[in-house]
């Protein structure tokens, strides 16, 4: 299982870098350094923030440069397969969602492993999955995706919460991984397909006196 | 005192979440997830940054989920009492200022407690009070409030500095809390009422040759 | 060497604060607090992020307030010599580049010192030099300089990488400092003078179907 999980971590990191380089390229026409920087931030931002909040050092990419190689490879793939990747956006949504699901659950598990409360672990799982993109959007001066898009971070939070609950109930780890991850993928893909969104915090705008 | 202080910490965290959810709702029309996320960041951002800078782990909300419950409650209150809260903006300024004052002083005390130099402790107190709002503004693509508004972070810095100085002089803790906190509240409310601001760094703009 | 290095660290921190206060003043007309805050963030942001990523506590400015005095002094100098400094922008580019070069190399060395992999150390060197400016630009709602400007972060990465390689090869430390630092200065100044830039990640924009 360790080996399979590690394979997924490295692959997921590479996919995040592809996603970051594509996102950067679509709006800012960066140079190679900028695209790599954004791919890097997107890939390691969420997990790094989680570990810094947990005080869990060293960070994954600081102790394992294989993750950095995966990022560099992802940025090159994003360049070489740029047109096909943009054309295959729908397939890419699937890959992206698989990556997010995996990061959310691995992140929640890591937080549990250092003794975090279940609610905190679910938050950390969601952070692992989405905060890389949030930091990327903030640096490129975009309103972060989680405030704009369809159900996305919410799916990660829900899946991470289910994972944490199942873990507390003693559900076998591999089974729990697949059930919780499947939940994230299903929620996000259905929400995207059916254009579902959460209810607005307030249906009215601010009152005129504001 | 511990119990009273803890009561204030939890209440203050909830007020920060109300303030964050209101601020988010006024400009971005977020969904429930977005409003909660922004309320959360506003409430825990300053203290988390302080503790990450100090290397003081675990963070308060990671080890005590009561703070998270206070945040969730604050977001619900912001929704249910949305119109009255916006109408009572002037009263809310008072609550907001009380919260900021408390966070600034508790933050400075925490920094002193882990051995920080007095100047560093005053900075950490100010950070505890204002950086949650700064991170919130940055994520929602606003120029952070501390660069726009009347005397605000400056009041927090002044109060935290007085607290640190008094602590060094051996002033009794409870007294010091009230004196320093009162100073922050008075400075901010007077500055707001009288529309006071600090002098500009430069009265001229950049020279034409720039 | 320690004393010389410390002198450079303090001086470099002051220069970063000057640079930050000037940059803030050019666009946002801040008050004294805002200019000092931005000078502070610019000066300590990169090194603080590096140390937080490495889990290396306490941070430099938390344990040594001399760095804070250098920042305050830098902000005052930026105000008093505002017009001459803006006029002497070309000379200032040289000072700025010297500061960046020093931070990049000291940052890489620090990362090596806590056992980081050479690639990680080169990234940390680059972060030390540029992330203060990135955080400053993000807070003031600018697209960070590293995505806009000529070869800049790339020069820092290149110099830090050469330093790390040389250190691995056993090159004497002082010599290594000057060789690697000189490389950063030369790359940046030549790139600026000749208006060189890295190749774009993609020469085409996004395809119309995107």
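Going in written order, the chains are labelled A, B and C, and every chain counts its residues from 1.
In this text, a contact is a pair of C-beta atoms (placed from the backbone, for glycine too) under 8 Å apart; a residue touches a chain by one contact, two chains touch by 3 or more.
Not measured: the values here are computed from a predicted model.
Think of chain A turning onto chain B: fitted on CA atoms, that turn is 120 degrees, to the nearest 5.
Counting the residue numbers used at the interface between chain A and chain C, under half appear in both copies, so the two copies meet with largely different residues.
Chain A and chain C have centres, each the mean of its CA atoms, that are 29 Å apart. Residue positions of chain B touching 2 or more other chains, listed in rising order: 52, 55, 138, 141. Partner chain B is touched in their complex by these residues of chain A: 52-55, 116-117, 119-120, 123, 134, 138, 141-144, 146-147, 151, 153-154, 157, 197-202, 205-207, 209-210. Interface residues of chain C facing chain B in the complex, by the touch rule stated above, are 21, 24-26, 28-35, 37-38, 48, 52, 55, 57-59, 61-63, 65, 68, 79, 82-83, 86-87, 89, 138-141.
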